[in-house]
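You will see chain A twice below: alongside chain B first, and alongside chain C after that.
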Partner chain A sequence: MLWILFYSFGYKPDLYHSIATDRLSLGQYKLAASSTFFQTFMGTLRISLTGTALCFLIGFPFAYWLSVRVPPSRRPIFLALILIPFWTNFLVRTIGWRILLAPSGIFAGVLHFLGLHSTALEVLDTRGAVQLGVVYNYLPLMILPLYVALDRLDPGLREASKDLGAGRVRTLFKVTIPLVSPGIIAGLLLVFIPLSGDFITATVLGGAKGNMAGRMIYDQFLVAQNWALGSAMAVVLILLIAAVVLFFGLIAIVGRHIIRYRRRVELAIAV
Partner chain B sequence: MRDWVRPLLGMWAIAVFLFLFAPIVAIVVFSFNSGRSLEIWDGAGLSAYASFLSNGVVHSAIRTSIYAAIGSAIIATLFGSLAGIALARRPGKWQIIFVALLALVLVTPEIVSAIALLIWDVRLGESWSFFTNGLIRLWIGHSLFSTAVVTLIIRSRMAGIDESLEEAAADLYAPPFRRFRQVTLPLMFPAVLAGLLLSFSLSLDDTIISTFVSVAGSTPWPVYVFSAVRSVLRPEIAAVSTVMFLVTLFAVGVVALVLHQSESNARDITKTLTGEYGGNSRA
Partner chain C sequence: MKEAPKITRILASEEFAHRFSRRSILLGSAVGVISGGLLLAGCSTSKSPKAGELSSAAPKPSPIESKLNMYNWAQYDDPNLVTAFTSAFGPAVQIDVYSSNEEMIAKLSAAKGTSGYDLVIPSGTYIPQMIKNGLLEKFDKAQLPNLAKVEPALLGRSWDPTNDYSICKDWGTTGYMYDTKVIKRPMLTWQDFIDAAQHEASGKVSVLDSPPEVAAIYFWAKGFYWATEVKAELDAAEKFLVDDFASHIKAFDSYPGIKLAQGGYALSELWNGDARQGLLASKNPERYKWVLPTPRTELWMDNWAIAAGVKNPVAAHAWINFILDPVNAFTDMQYTGYNTGIMGNEEKAKAAKLEYLDLIFFTPAQIATMDTGEINSAQARLVEMYSKTKAKAG
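Presenting the complex of A and B:
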């Protein structure tokens, strides 16, 4: 991985070579930070943050349903049903969306039938399609750790909370969510990190408009053959991911301290 | 008052399943498309399956994929098992560093690993032609991630097995290799099998690393599909995917059945041992 760092200070010598490192400079970083590439990085960040949040919002009620409402004997069947799409080729699943979202495809037909949309559907090859695609592709990665965490939770704790007079919402936020937070963190990381580097979904569904950082790196390495710029972009991407993870990690730690402090104050007042 | 949440959650679950299966159903249905382009329906027919059976490029891509998956699964299981045993049984001062390295491998975005591998392959390929062989590149690339996964699986399995069993074998004068073969290996076998299957399917499914490291002539199946996305998608791709989907379905079914049976056995045994029968009825 250090080679990437080293190469990122190099340059592209001529049309037929992909890398030279006899002169080292920060030039590639300047290029990577230039406005067009910068916009793509920001777009990637927006897609990956929105995607992670949507995965959580869709995945949490589902994992809750699976671990609380479904009797244990039937859970393996539903888990297997989650795993089947997960084991189906990533690329092929994404191509499936191309069929569904095609301008005169199935979704367009359904929307037309419902009278919601009459002209040809223009979702394909936009940022919206990429957003949908990444949520779809990474949803199982969110559901599985959430399910494992929720499954380990003793149902007695929720019942105790109810017996002590806490409502449904209060039990969810004060008992369930704090106790499964390791699972939530695992799920968020498992979705966010690979999603940020994904270039397949963007290539299949994004066309020219839905570009993502992963695809930029891919283009620099395998199409433009400019390894120095590609390496610089990869370094920027890693730093960006690390920064986001650290940022939210800090927020979580500070938030937890504030909650604890407030609880202590409440207790002190009550006593 | 309390009953509106339950149907709502159920409906949500159904919606999630529909969402998860919609594109797969689309692929299966469109594999019977007799048109020239995958995305435009042009009457039902089996022409896609026929052309897949006669397309040599597709055959060689699938063959490469299977070879790559077998090779990298064996490499990953071998190294991962040994590393997992070492981590569980002889934790030393290097353990933290080693676990940190494993975690680093697991959290690195795949595209970064892929370009790092490409850079290494090209540099090493200048002096050793070994690294310009497409299949060997795929083996190395695919086994990297799955070795880390297998290591963690084996470690958690070995951590759950009492070392006194191995010590007992040693006390009974079993030499180290025999001890490993007759005591340790049978005990960790479910984890080894799980690791083998997992790394096999990870390799089969991998697109990102394969796209970067593969060389012309040994193109694995996902890379073939990926290049088709950039030119034209033919219904054959859906046909092959449908066949692969059925195979996966079968494999998942078998694994689930085996796991389900062994798990319920294990649960029964634990319950009997801890005298939980008759006592606590809710568990």
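Presenting the complex of A and C:
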């Protein structure tokens, strides 16, 4: 980390050396934050925020269903179904989508058969393909902490809520979600942070259109061999991720205080 | 001139993955390449029984080391040749792969002669600086009698006029291929490429994943020298690429041939060997058309060279001499689809009825339109505009 920070103030002296630090400057940051590259950073945040939200929207109902509705004896089967693809190499899993989404691939065939889509499928090498890929790749990281949190939640608490007159929705929002919030936070962070730095999905599925910051950094280190610019970009990405996490963290804390404050008022009236 | 990543084709899937090799996997095309009895001939030359013939042509050097460490582009030599070499001469061959000249150079410079590699395969334009930085060892030409088999035109190139450090491994050029169902007009020049990319092929265009060759599209179209150092020309190229061209690009792909031939792109900048692979793999090759564009284009050459601090010099020389042998060089050419530059290759290829010979061999008039370019002060600038183009395309 410190090396990256240090390198980010350096420069690329010539073709034969990747880094020099005898003259330190902020030049690389100026370049990394220039409008052309910044566009990619913003695109990355859009993909990672949408991806995290989608993972949550898919992962939470699934984890809830798995821990509440599925009998304990069958749960290992479903967990295995989630985990086994996860054991496969990340790259291979992602390349699999290339085959599925190919212009004349399986998905195109199914859509064509259903009469939904007649021309060649044009999903590959777009932002949409990257979005799909990251949701697929990071979904298990969302489901697992949510499942653990939900599984540990005593079913008696939900029953108690029901007995005290709360409906399903109210129980979900007033009892279940607050109690599993550590799991939710863990899931969100586990998905958001690595997703923001992902470069494989973007490289495999994104073509020129679905570029992500992780890939841009990869290119600077390994293709352009410009470690200084790559380091500066990495630092910018870290700062952006930290800013987003802080921003949502603050919202969560403020939100919680507001809710508590309002509830306290309710209680006071009730007493 | 290929500092771009060269991806290996993994699986039988689409274009991802050729980050390592100039030669994508054989696929079914190999069957087409190595037609009929040639298959047998090609194989038998690379098996040990016949290797006896080879050693008579090149007396077995002794004493030879037991190992040979090669730092090469992936899948850049026929594995049968490697096996044949080991059984004929003894050294076990260990091959590590790199995906760009920069990567290889960075490793060699960092190791300062202790990299442990004996052989490397730099592209021509990188050689002068490598020599200057002491990264290469001089050949002992007495151990390389087969240097005499190399086409004279490929000897004494500007980067190593006396071939003291390097000898042609193979060479090729850059052009483009397009889908005639999408682009119906005749295509001849780089300006046609740009124009079609901005119109009927917009959003279905791939360009090489290589900084100089992306910028070169503009330089070639304008008739500028593609290794120009003139600031105004570089500025104009950057403006064109970032503002007028990036948004039409679908992918930066160094091996688009097969994907193009499957309908993945409508227009691709590519190397001749890759275009040929695409045509060989295509079910209806007449739909796709290769263009060696005017007015100017590239001639790149990869070269055998011995790394400084070589541990197994005798084995390294033996390998180079072995691969320059006309029979072996022809086998290797069939494997990669790039001309290994040994005299007699073209006649043999005609006799063997290889397909798409015009994608391996070029006429003197065509070769006269090709420049090798050079590595110069513009390099950093080219990389920067390439990064910007990539960011802008996304």
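One rule holds for everything that comes next: the second predicted complex is superposed on the first by the 271 of 271 C-alpha atoms of A that agree within 3 Å, B and C clash if a C-alpha of one lies under 4 Å from a C-alpha of the other, contacts with A are read in each partner's own complex, and residues count from 1 in each chain.
Note that a contact is a pair of C-beta atoms (placed from the backbone, for glycine too) under 8 Å apart; a residue touches a chain by one contact, two chains touch by 3 or more.
Only a predicted model underlies this, so the values are computations on that prediction, with no experimental measurement involved.
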Broader residue contact with chain A after superposition on the shared chain, chain B or chain C: B
Which of chain B and chain C A:204 touches, first, second, both or neither: both
First (chain B), second (chain C), both or neither touched by A:98: both
Which superposed partner A:232 touches (first chain B, second chain C, both, neither): neither
Which superposed partner A:222 touches (first chain B, second chain C, both, neither): both
Which superposed partner A:175 touches (first chain B, second chain C, both, neither): neither
Which of chain B and chain C A:90 touches, first, second, both or neither: first
Partner chain(s) touched by A:45 [first = chain B, second = chain C, both, neither]: neither
Contacts of A:136 with chain B and chain C, given as first, second, both or neither: first
Chain B and chain C contact sites that coincide on chain A, given as residue numbers: 95, 98-99, 102, 203-204, 222
In the complex, chain B residues that touch chain A: 2, 5-6, 9-10, 12-13, 16-17, 19-27, 30, 38-40, 107-113, 115-116, 118-120, 123, 201, 204-205, 207-208, 211-212, 222, 225-226, 229-230, 233, 237-238, 241, 244-245, 248-249, 252-253, 256, 259-260
Touch list for chain C against partner chain A, complex: 3-5, 10-11, 13-14, 16-17, 99-100, 102-103, 105-106, 109, 129, 133, 209, 211, 242, 246, 249-253, 262-264, 375, 379-380, 383-384, 386-388, 390-394
List of chain A residues in touch with chain C within their complex: 12, 14-18, 31, 36-37, 39-40, 43, 95, 98-99, 102-104, 120, 124-125, 127, 203-204, 206-212, 216, 219-220, 222-226, 229
Chain B-facing residues of chain A, complex: 1, 3-4, 7, 58, 61-62, 64-66, 69, 76, 78, 80-85, 87-100, 102, 105-106, 136, 139-140, 168, 189, 193-194, 196-200, 203-204, 214, 217-218, 221-222, 227, 230-231, 234, 237-238, 241
